[in-house]
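Two complexes follow with chain A in common, the first pairing it with chain B and the second with chain C.
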Partner chain A sequence: MPEGMGVSALPGARAGGLAVVREPGLQGMVSLKLDLTAGWAAPGVMAATGHAVPGQRQITRIGQGAVAWMAPDELLFFCPHAQADVLVAALSDALKDRHHLAVNMSDARVLFAIEGPGTREVLAKRMPVDVHPDSFAPGQMRRTRLAQVPAAVWMTGPQAARVVCARSVARYAFDTLALAAQQGGAVGVY
Partner chain B sequence: MSTRLARGGRYLDRSRPLAFTFNGRRMHGLAGDTLASALLANGQMLVGRSFKYHRPRGIVAAGVEEPNALVNLGAGGRFEPNQRATTTELFDGLTARSQNHWPGLGFDIGALGGLAARVLPAGFYYKTFIHPRPFWKHVFEPVLRQSAGLGAAPRERDADRYEHFHVFTDTLIIGGGVAGLHAAKQAGAAGRRVLLLEQSAHWGGRGPVDGGRIDGMPIDDWVNVTLHTLNDMPNVTLRARITGAGVYDHGYVLGYERVADHAPDAGGPRHRLWRIRAARVITATGAIERPLSFAGNDVPGVMLASALRDYVVNYGVSAGERTVIVTNNDDAYRTAIALQRAGLSVPCIVDARPDSSGVLPAQARALGIRVKTGTAIAGVKGRRRVAGVALCRHAGTGTVTERIACDVVAMSGGWSPVVHLWSHCGGKLIWDAAAAHFRPDPAQPPTNQAGDGFVRAVGAANGDLHLSGILPGGTAPAEAPPVPVWMMPLGADIGKRARMWLDYQNDVKVTDVQLAAQEGYESVEHAKRYTTLGMATDQGKLGNINGLAVLSDALKAPVPQVGTTTFRPPYTPISMGAIAGEARGHVFQPIRRTPIHDWHTAQGAVFEPVGLWRRPYCFPRPGECRADAVMREVTGARTRLGLFDASTLGKILVKGPDAGRFMDMLYTNMMSTLQPGRCRYGLMCNENGFLMDDGVVARLDDTTFLAHTTTGGAGHVHAHMESWLQCEWWDWQVYTADVTEQWAQIAVVGPKARAVLEKLGWNLGARALPLMAWAEGRIGAFDVRVFRISFSGELSFEVAVPASQGRALWDALLEAGAEFNATPYGTEAMHVMRAEKGFIMIGDETDGTVTPQDLGLGWAISRKKADYLGKRAQARRHMTDPDRWRLVGLQTLDGTVLPDGAYALAKGENSAGQRNTQGRVTSSYHSPTLGCGIAMGLVKHGPDRMGEVLAFSTTDGGTVLARIVSPVFYDPKGTAQNA
Partner chain C sequence: MLILRCPYCGVHADETELTPGGEAHLTRPGPGASDDDFEGYLFRRRNPRGVHFERWCHTCGCGKWFHAARCTVTHQVFGTYSAQTTEPPGAIIAAIRARRPDWTPT
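Moving on, here comes the complex of A and B:
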């Protein structure tokens, strides 16, 4: 694919208020299903990606990449968009003799960044997640719902979060986050 | 006449006057007022009419238990009926109107002569509206509808926004009175994450009004000191104006916050629904005072004793000039003392008890207030306002001993702990005979997932009505126990009992409950429905216990044996907006959009919902109607080139060593033999043998399949797969992934399909991709997977690209296809082309009761396989019955379009007197290709009856004739799709 042909779901979308909600653009994402309890799983993942397997509900970052625990048999890798197929190939090669499923899901998803003092309250208005700093700090990952759609969320800083959901509902997700961030709606809890 | 006092009013800011209107009349209040206190300050005691008898109604209470002072609040987009004046904080510009009267509040036709009470006894509806039968529909129901409901329904769109807020806490405390604050201090000091909710705008509850001392301090001072302490604790969150509305399983609690009711133009959400998950819940919800049942206790001016002192102390408002107090307990003496201290006249305290010698009665007597013990109220003088009372001996039948002129009667029948939140999730109650109330039974709390109690009641909510019982440093005058009084005088005759109100809003009187008992409604739940006791908007907060006691007396059964009705959430009404939260307008529901959606919108496409997707139904050109657009789109695709956004089709990856075996079980046909690079159309049945979904399966490699599903079926089919893998075949090595949205998919259809793809640069190796094959490679600059499959009967390639390239591919196809008159087409043209080819549609030809065999799809059912989902069910007798309706084509004799869903008529009638039928239309269209109506349908013995003519019913009672034909109307040899 030539540079610049691919577009994310809502290029340049941005809304301000209690926190800034924006769509940062295409993000490489690779889903990997495998038996995380098997002895070969962690070495295989390490060999293919340089990542250790994160613990339950955790996300770890190395450079431009990250890996999140999604389920007892599922991981989600983040990488530059153009690298996703390379990553799939690397995983498939490292695990070729093992039962697994590695698939490029970059375009099936949309990524949002939420940044600013109201970040935690914006999340709490739309997600049934305990976003208290004691419970939800950078390094933690939650699979949950964003209002009426499934989503995953993690903190990238004390006042910054990332949300991933299905690409087809990007407009809904952005609109409902932007509404949650609208001025005048500060709760004053976090 | 009620009025503002020159002094007092803890909540008031006398420097901030506020203007408001009531029934169009301009009035003035002060910052800190409720609407009720402001109305009283303006001399307005009469605030509404009761539901059934349209009796005049005045303010009774000062809090959430108020049954009468309900108003239509606001106007236009902020109009809301049934708002309690006692909990509505006054703001500048508030407008309120009274409810349930015609033509006016002062004069009401419905109340004429008190006739209503005589013609509308308890159970009236049940006895009256049964005969004659037709009257229900034509007379009773329209009349009842007209009179139903107190307030008016809003007519305009809600002007405000609402939201939810999720919060987690170790300890949730509901109620910010002395007991709640004390509990918060303890939990906060223990290091727990604490959330303390108070329903009003003020902390401290009743304590500051009722008096006493804590740790040597006046209550107000202790509250302030404690608030400071709590505010300094980072682990404690204090929130006012949030009602604990409901307690549910697993420590889930709803809090109802009025964010902007008191400041409607602040710009934020109006209400916020707090969805709280608490490890433990403490209810510090206080208690509610009970009225007394005496004749005329519903006349405006008869109020709760506690409310009266609330108005004096908190709002600097007197409800009247001369107040007679009637009580069965010591607490009501506080009202006498407070009124006397405010300079108001208390001519008499009427105490039903034979003796009153406690500390508070002594204080009252010392202030010179006359106390009459062993005495009751025989009757109230006045219709629209109390003018006086007649007294009698409580132990007698009501012979008047004395008359006293007064304009207010302050009544106190004792206190009922607010046990609602304790009870919501299963907490049990015990009857405390000494205090004459139900209180939480600590041995039977609501239990959590571990079986442990997770709710604890404290303070008055736990039956501890005295400060010393609530916290160690609390001191207050000792009180003698109340004597239960459920009716006064004890020997009241029926004339008096028929004027003793239990439920003011719904007009339930002592006689109604007695009638219910007499007529056999012995269960408290039955008596409630029969009389409507406790079914008003206050849900019986005021009158329920009195009603239960009357019922128990009538049944000669003890109160605890009669029991209570069920306490259900919400504790007080919450707004529909708060429940809906943000889900309205553009975020009412998620709408799924394909990567090409914006193009469709820009073209003015007519959309149709398919699941949560919006798919273009057709693309009308200027001046073109929908039907014309569909015909043009079909013809364009059949004769030249059609483009169709098929991105919504489900795409599920199935991979693993056992994938072939798994696919063989899921589909009725053999999938494991499919070669990599090839596609196969497959049918999926549920375990009952009925057709569930269909689609093309592509084999990607030895261990990987890509299963296409219907648009609406993707989520369900994926869940179906995971259900079987996780629950039944957990040892099979198969992984699935729903990759639907990873790909944009465009069907390139028609005689010029190959030409346009070659023009863009076909680079897929296999030049002549055969039908039912797929290949991966490039078309122009695009990374593509191309599936040579056809749902239209034309030469057709479905081109899939990563979703991020979908729009670019669409644009490139339009541009390259311009020379072939490329025609984008919508779902309806797709349906028409499918129907012309006799291809079935899931949801049209199937409805959950149709098998593949019914649809002539026996060829897609493998007989070689040992098993597949649905196989066993399909062997059952009913499923192999030769009389089952089976798929045929239908063509009207006159060329018109058969009505969709129409039935084929058969001779005779069934046992219900309905016409017998022998088939039905499952899909029906006008075919531009054939120039006439075509249809598919299921007909008894259909395929064996080719050429027969059937009569189909139409909705206007007529019939239309259609001939049974082959369902394949177009190109039965498949010349076009094989081109």
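Moving on, here comes the complex of A and C:
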């Protein structure tokens, strides 16, 4: 393995049925803690990343990157894996005189993709969330419980979702999603 | 099943997404307090039949602690409010009085 490349949690993991559940591979993720209500927060984030601060529970995408509202004092940035440290440095520099914390979380997390007609069924079976298209549309970020572990989920299209959770529970999360996605398990609600 | 609205992230969170934190608005006795007072702070809790104020943590969500006012008999939720307070806000008291006219804060 080349220096600094890293390996994702479950390389190539894939299971199919109602929807395809797979691990797309390494994803850069940078967590930023700061007071989002402070006047300096949005200009600092804009200067460092080019992203506007998203509204409550929103996720916005620009090119290969995205930024999600995670809590009243927390944002999560998505970027190519190799650029996460660069993003941390940019944030730390832009906010250096302010109370904040920017951390490269890429290798502490795992990303799963769920794609196909049964995507919302799979989510509904594992999360206490109203995933009806009227309530849960692309652009919304929802932190919740995935079976027995905390996770964050958002829709990337009408029939496609992404899930992020702790890497330490990657196998559990993948298996429970794969089980929910098994052929013949459709509830038929969505 | 309880569904509480987290006042920090606005999510209508299912009970299984939350962690209960027990009775709200406890006052920690100061340095001159008696052992009896401190024992009460540590261990003695109200267990009312009816209106109750509780702490909850949105563990599987934004991670914030908040307060909830609910009825322990019917599970009716009167409202949720910020943790940055030492007593229930007026709007919550009014909401409880509107539905429980005979209730008096203790």
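Here is the rule we go by: the second predicted complex is superposed on the first by the 185 of 190 C-alpha atoms of A that agree within 3 Å, B and C clash if a C-alpha of one lies under 4 Å from a C-alpha of the other, contacts with A are read in each partner's own complex, and residues count from 1 in each chain.
Assume contacts are C-beta pairs under 8 Å (C-beta built on N, C-alpha and C of every residue); 3 or more make two chains touch, one makes a residue touch a chain.
The structure presented is a predicted model; accordingly, all values stated were derived computationally and were not measured.
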Partner chain in contact with A:Met105 - chain B first, chain C second, else both or neither: first
When both partners are placed on the shared chain, which of chain B and chain C touches more of chain A: B
Partner chain(s) touched by A:Pro150 [first = chain B, second = chain C, both, neither]: second
Which of chain B and chain C A:Gln27 touches, first, second, both or neither: neither
Partner chain(s) touched by A:Arg142 [first = chain B, second = chain C, both, neither]: second
Which of chain B and chain C A:Thr49 touches, first, second, both or neither: neither
First, second, both or neither for A:Thr119, with chain B first and chain C second: neither
First (chain B), second (chain C), both or neither touched by A:Met70: second
Contacts of A:Pro128 with chain B and chain C, given as first, second, both or neither: both
Residues of chain A that lie at the interface with chain B and also at the interface with chain C: 128
Chain A - residues contacting chain C, complex: 56-57, 70-72, 74, 128, 142-145, 150-151
Chain B residues within the chain A interface of the complex: 161, 163-168, 193, 237, 266-269, 272, 275, 277, 582-583, 586-587, 589-595, 612-613, 653, 655-657, 733, 735-737, 739-743, 781-783, 802-805, 807-808
In the complex, chain C residues that touch chain A: 8-11, 13-14, 16-17, 59-64
Footprint of chain B on chain A - complex, ascending: 1-2, 5-9, 26, 31, 33, 73, 81, 99-101, 103-109, 121, 124-132, 134-135, 147-149, 166-173, 175-176, 179-180, 182-187, 189
